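Presented sequentially are two complexes of subunit A, the first with subunit B as partner and the second with subunit C.
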Partner chain A sequence: MTPSGMSRIPLVRSVLLVVVIWCAASFIYAPIFSVLRFAFAPEGDIGLGAIGELAGSRRVRTAIVNTLVVTGLSIITVNVIGIFQVAVLEYLRVGGRGFLRFAFLTPLIFVSVAAATGYGFVYGQTGALTRLLQSVWPALPNDWFTGTLAVVFAHTFLLTSFHFLFLRAAIRRVDYSTVEAARGLGASNMEAFARVVLPVLLPTIFATTLLVTYKSLGSFAIPSVLGGRRFDMVTELILTLNSLRRPDMAAMLSIGLGLAVILCIAAMQYVERRGSYVGGSKTPVPVERIRISSPFVNLAVHAAAYAIAVIQLIPIALVVLFSFAPARSIATEVLPSSFTLQNYVTVFSQSTAFVPLKNSLVMGASATMAGLMISLFVVNLAHRHANVGTTSLDLSFMAPWILPAPFIAIGLILTYDEPNLLVANRVLLGGFWILPIGYAVVSIPIMMRFLRAAFFSLDPALNEAAQSLGAPAFYRFLRVTVPLVLPVMILIAGMTLNVILSEYSMSAFLFNVNNKPLSIALFEGARSANPEQAAINLVYISLIMAFSLGIITLADRYGLGGGK
Partner chain B sequence: MTRNHWLAGAMTFLSLLGTSAATAEPLVVYSPQGDERAVWIAEHATAAGHDVTILTAGGGELFDRILAERANPQADVVLGLIDAAMATLKAEGLFQPYVPKWADGLPEVYRDDADRMVWKFWQTPVVIAYNSDMLAQEDAPASWLELVEDRHAGKYVIGPATWQTTKTYLIGMLLRFADDGGEISDDGWDFMQRLYDNAIVVDSADAKTAAFVNKEAVIDLNWFGGVGRLADDVGYNAVMVDTEGGTPFIAEGIAITKGTDQLDDAKAFVDWFGSAEFMAAYAARFGQVPVHPDAIAAAPDSVKRNATLLRPQPIDWDVVAPRIDGWIQRIELDIK
Partner chain C sequence: MIELDEVSVRYGSHEAVTPTNLRIETGEFFTLLGPSGCGKTTILRAIAGFVPVASGRITIEGRDVTGIPAERRGVGMVFQNYALFPHMTVAENVAFGLKVARKSGKEISRAVDAVLEATGIERHARKKPAELSGGQQQRVAVARSLVMGTRVLLFDEPLSNLDAKVREDMRHEIKRLQRDVGFTAVFVTHDQEEALSMSDRLLVINEGRAEQSGTARELYQSPATPFVCQFVGAANEIGPKVARALGLDAARRHFVRPEHVALAQAGDPQGVEATVADVDYLGSMTRAFLDVLGEPLQCQVPSGPSVDRLKAGMSVKVNLSRERILSFDGSS
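Let's look at the complex of A and B:
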């Protein structure tokens, strides 16, 4: 930006610009720099000692192997289930489509630590399903649901959300006339699907596969809650190394995880770019769902679809049901025999039970507001004045998108565990605000993506009209731009708050006695032997799901998130 | 808790202004004595004319916090961290010298004549106890080294190595395999591997309790006061073992933070807290065994009995302290 350009920028905007640049420097660049410094030069001299020590640790090696095995298996199982679900909903004629659609969308509302805790509640040592299975098969041990099996199973039914969102949108773009043509040439339904539909979907399948890979590599809450004894994944080891006060090893391992994730995203970008011209026709004939001719296949498809739906719905149904049951019926009954609102009353009236909910709401709301303001400012600036300066500011705030949460968390810890001039020589670690700062940093990239889309759909004529009527820039921004993107902003705020309510990765690193969030309370409650605590957990999960469902219904209505 | 944050901010601000108002702020004491213990201490301190705020958290957490706040200390007094933690904080230069009035007559192991910073006020053995409703005396382990025998497999619980109690008994066991230079032999690490392989390993107090509730665990590795508390919570009778080779004892210390702006108040609080009178009162209330002979003399008979119940394992904490991090790291990354 040239000096003469600066002089024309009004005071408000220059102040904001300084604040935003300070945010980027303090909470993105400084943490990244700290991670690199501690990983490669912990004592001031450049060295790779941390790599040797990491390689020497049996538990680190096992965690890396576990992470790769779980990810490999999850890619296969999630794709099988996800593609089948999309075929059932959009390609085949299957009865009870509305019910199936609801069941298959549950991974959108049952996420992260809430879902992990829910699975633990149902399949865990004293879970209702464990006892149900034991009544059929008495030899089943109490702790059957642990390790790779449990984590891959949970991934399989919880990570299909990308298929639900993106693959469904893609199959709707398939030109049905090509399917008809193939069948006219003698292809069966399955052949037509494999030869005509699937190739069109391949780029999207590849993209969702990479998203699943990305999610699985950084999986944290699910292995922590369900993994059990001697099963760790890489994220958990980073946390352990941090608590052992080995920042160099923690930083190095988070760099390794970061590189794996960046590779995934680079591959995804490449496919996205290539995939754009593979897409369907401009004016596709909508897909007509196909009736399966063989009664045997038809029965099998129905059975499989309903089995998946039941697997996905049972944990949710039991969580909600037991949240209305007296605490004593938890872990003693398969289905509750009486109902009460007592657990909800406890959460809202007992301070120890309410504090985590309050903390998460306060931190989530402040992180969302700050994040939205920064995103709005940066996106608006980059949209109006595209130049090297604004683009690099834009990219700076997008950077956390390609870095796993533990990487950023370790960076924030290493930067702010002692007084830092960037924050007026204060120590942030151990305080209330470090966690909301972390939340904001990881939320901003998503906010910017949606806001940018909203900005590009704005009609520039409106702004020009206001300008020709003599309205100054800031006034135009407030009176023209903001009202137009306001619905999008409200939705983004809701979606972000929704994610933060059950955010685990950042929270596990940065929480402390002053700000224990909902996700950590859920995690701790999940290992409690106390039924009262379990009951409180069920209420938390139910509240989070209700909030998510509300947000997703809204988003669907306004066409956000439903497509891409 | 946010209030503390703002309070700390306000205090810093006031002290920057250099007004006398800063001295009107309460003395901030960091202590792992939780719940009713902290409340009880605070009430008695107030009654004795000390204006204190006690911030409580787990011992490991407080230790990390004090290290993290080193450049901007929030605590004026650190109270109740155990030998190794206090030794490390002292080595990091976070305390300042003060010889409390009750130092006279304190046995040598609890004194700090070299640096005059950390003074111990009560001690706790870390013991092996067993559920005598489910385990006969002859089936219980008679020593720490016997724990790895197959008959005890799956019957005892190891907590997170960040807990002071866990750390203490792990160190106590490892030290039996140490050479003169403090190096642990391969036998020692093999022992540690078997100890973990045979254990129920948990990462929270709730999970530990659950193991006893489910009756999987019947042998409790715990600090003296924790044994009775767990047994009461779960509902069984606990018996402690006076082990062959001795029981590791930990002593809790008190020290004044370097850079406190309320030095006189801090000294007065330390003098009051460690006094035989308050120590005996605390012993009468919570059964904790003090280390000052005057305090033991004034304590109830049951406490006097407990003071000599178990044979201690000799441990030189000043030698051990710098090695602990490395040992715990090896346990966490290779054995657990």
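Let's look at the complex of A and C:
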């Protein structure tokens, strides 16, 4: 675009603004309003009948208890494993750190329904590990890996990604000279860790604990795949209530879940605001890994670290290995005896196998593009013109960040299961686009957070320099701002697409025959006894992991906190 | 010519620059000098159009630019961190403004080559800013503005990121370019040595207020206020006991530059008794910290055999010539 063509810009900007406001009204405010309306006034009169019905249902009470028990246990086990992993990687001198680092990084690439399916494949009824254990202990029942045990076990080894990302970053910020000072004043290594390092890490540990709480409360794919048919957690029950045509109860339960999540986020924001302890040193010394002096403790630490690594790597290794094995060997062998590319050929050549992958790619790409465009417009507007209007628009699109996916999904269902004027009197439910819209709505907050950070890190002098050289506002945006935030945009796009490929919460509520995504195909495959279907699942999981690894490596290289 | 007529700048309720009058002649190298936070950069940014003025009028070459946005003022700016576009090569950075002005490819190429040659960075045309040294980045920033045919170039502390040697070289480089090309330069710095060595004229600013403008010599030799006296070069404020001993008007404030304090032997009949508190050897010069009637006074004298004998605790006499003493109204 030439600078002289800028006279059309205010008109274009106005049109875009109207479109963005329409998006917020149609896909954020209207669904929220629908949830509140169905929860508190399903028949038009305001009342709390749904709460009474929920309280009276044994299944609901059990699901709430299950959710609380799983969350409570997960907080303990994830923290124990997560803190130990960080200590092994960053504070203690442990051999084979590169291998351990790779193993402990795997929860970043092995996520959601893909991970749940992988765990099911290894530990489930026909899983390789189940067969191995039964060869040693024949009395072990086929369904030993189910219910609370299975869900908490999977949480324990899959939710340590927060520790890997945030606690490691925090321990790296510790000024080691403070540890040396404590040692110089007579403290032992352990005393120095407990009295100097740990207090500095406590706010981060608390923040990661809240993230684990938040994830556990809304856990969906893991209990659905691993919990078994008689095990419900809250999110799964919301889906069940909705399919039983009780939208009022589903809406009310999603509000309850939303409130719990909002509480977690508010607590997290409070911890963030109180901040971490910032050292006053101008020349902080990086943490040096300490040698464990006791041979017994040293051996125990090594054994525990490698045991955790093996537990985390086994499902991944077996999934990848068996994705190259003939389908018939999947339910019969502990390790594949022969290899073939047939499963991959099937996925890419048979339309029934390829369609879910294609659907997820198309919906993911559409949602990512739309989300990025909206985020870029809103963040740029709020960055350049900070006022009540732009702040409101910014907050509107951030709202889904504090609302669980089932809340948004139920809202979209309740809003668009009948003709709605907001979308030209059309019914969206049952169509292809309802799911990508849901994906975009839940992806925008994280996109906006990254883009906002990118905009704030831009040197304002660059814009001023372009201005002093005669460049008008939109020209500066296109030629200076966009190229500088483009690497971040590309990475955000990759990360969003990565999340959407295995997204389960929104998919389970909104999918239909026209748009069945990969995550639903994985879930269905996990419940199927057909070895051909299991083989296709393993290919799906391997492809998702390969894509995730690529994105995380890129993010790591370009500094988005992927994995170092 | 740039003229500021009663220009003031406010940030909310805080008046960052009080109403200021200023006239910078065409082709002049003019420096805004003052301590950090005094408002010198704010004045520069007001001239550039990045900061709106609260009152007053700014004219550039007779054109009132007060309400005109920065991109239409025709004023170039060299930023403290140079603000080179990191995703563009040196040549693309320099060509940026010409592309905005929709010049033809040929024109752009010719103009860019010429300005890169003039600034001595033609070899680096294809490099990205990150591959250049601080001094080279500085040249690109200057070239980027000069290529537009800009007659007014504003410099916002452009030497502060350079090490001492490059800084010294760049002072001469900028001065040479300004002389050769003939643009009007408005330079902001807090470094008095830089300001004195480069400028045709300076304006000293303190707490948003213009204190005094003039040549470096005028400011040094005839400061208008105690602040200018102390900020431009070093100055001792003479304490009341010494002032009384010298018969100076007690109602006024009196200053003397360290190099104007003469030392004499303890037995000299002239002068006031003093004790050497400390001595700094500075190579060609020696700085002595004296205690005169219980009040501190610095003196700076050329190093030499007699001065080298100075030691802490030694008794000496100091002579202050009346005509070298700078006196100001006591309320100032």
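The definition used in the following text is that the second predicted complex is superposed on the first by the 544 of 564 C-alpha atoms of A that agree within 3 Å, B and C clash if a C-alpha of one lies under 4 Å from a C-alpha of the other, contacts with A are read in each partner's own complex, and residues count from 1 in each chain.
The definition used in the following text is that a residue touches a chain if its C-beta (ideal position, glycine included) is under 8 Å from a C-beta of that chain, and two chains touch if they have at least 3 such contacts.
Bear in mind the structure is a predicted one, so any value in this text is a computation, not a measurement.
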{"item": "Clash-or-fit label for the pair subunit B, subunit C on subunit A", "value": "fit"}
{"item": "More subunit A residues in contact [subunit B versus subunit C]", "value": "B"}
{"item": "Which superposed partner A:Ala25 touches (first subunit B, second subunit C, both, neither)", "value": "neither"}
{"item": "Subunit B versus subunit C as contact partner of A:Glu418, first or second or both or neither", "value": "first"}
{"item": "Subunit A as apex of subunit B and subunit C, Cα-centre angle in degrees (nearest 10)", "value": "150"}
{"item": "Partner chain in contact with A:Val427 - subunit B first, subunit C second, else both or neither", "value": "first"}
{"item": "Partner chain in contact with A:Ala461 - subunit B first, subunit C second, else both or neither", "value": "second"}
{"item": "Partner chain in contact with A:Val15 - subunit B first, subunit C second, else both or neither", "value": "neither"}
{"item": "First, second, both or neither for A:Leu484, with subunit B first and subunit C second", "value": "second"}
{"item": "Partner chain in contact with A:Ala471 - subunit B first, subunit C second, else both or neither", "value": "second"}
{"item": "Minimal inter-chain CA distance - subunit C and subunit B, angstrom", "value": "41"}
{"item": "Shared subunit A surface residues [contacts with subunit B and with subunit C]", "value": "none"}
{"item": "Touching residues on subunit C, where the partner in the complex is subunit A", "value": "48-50, 69-77, 79-81, 83-87, 96-97, 100-102, 144-145, 148"}
{"item": "Subunit A contact footprint on subunit B (complex, rising order)", "value": "1-2, 4-5, 57, 61, 64-65, 68-72, 162, 201-204, 206-207, 209-210, 213-214, 325, 328-329, 332-334, 336"}
{"item": "Residues of subunit A touching subunit C in the complex", "value": "2-4, 459, 461-462, 464-472, 475, 479-480, 483-484"}
{"item": "Parts of subunit A lying in touch with subunit B, wherever the complex brings them together", "value": "57-60, 229-230, 240-241, 243-246, 417-419, 425-427, 429-432, 512-515, 524, 527-530, 533"}
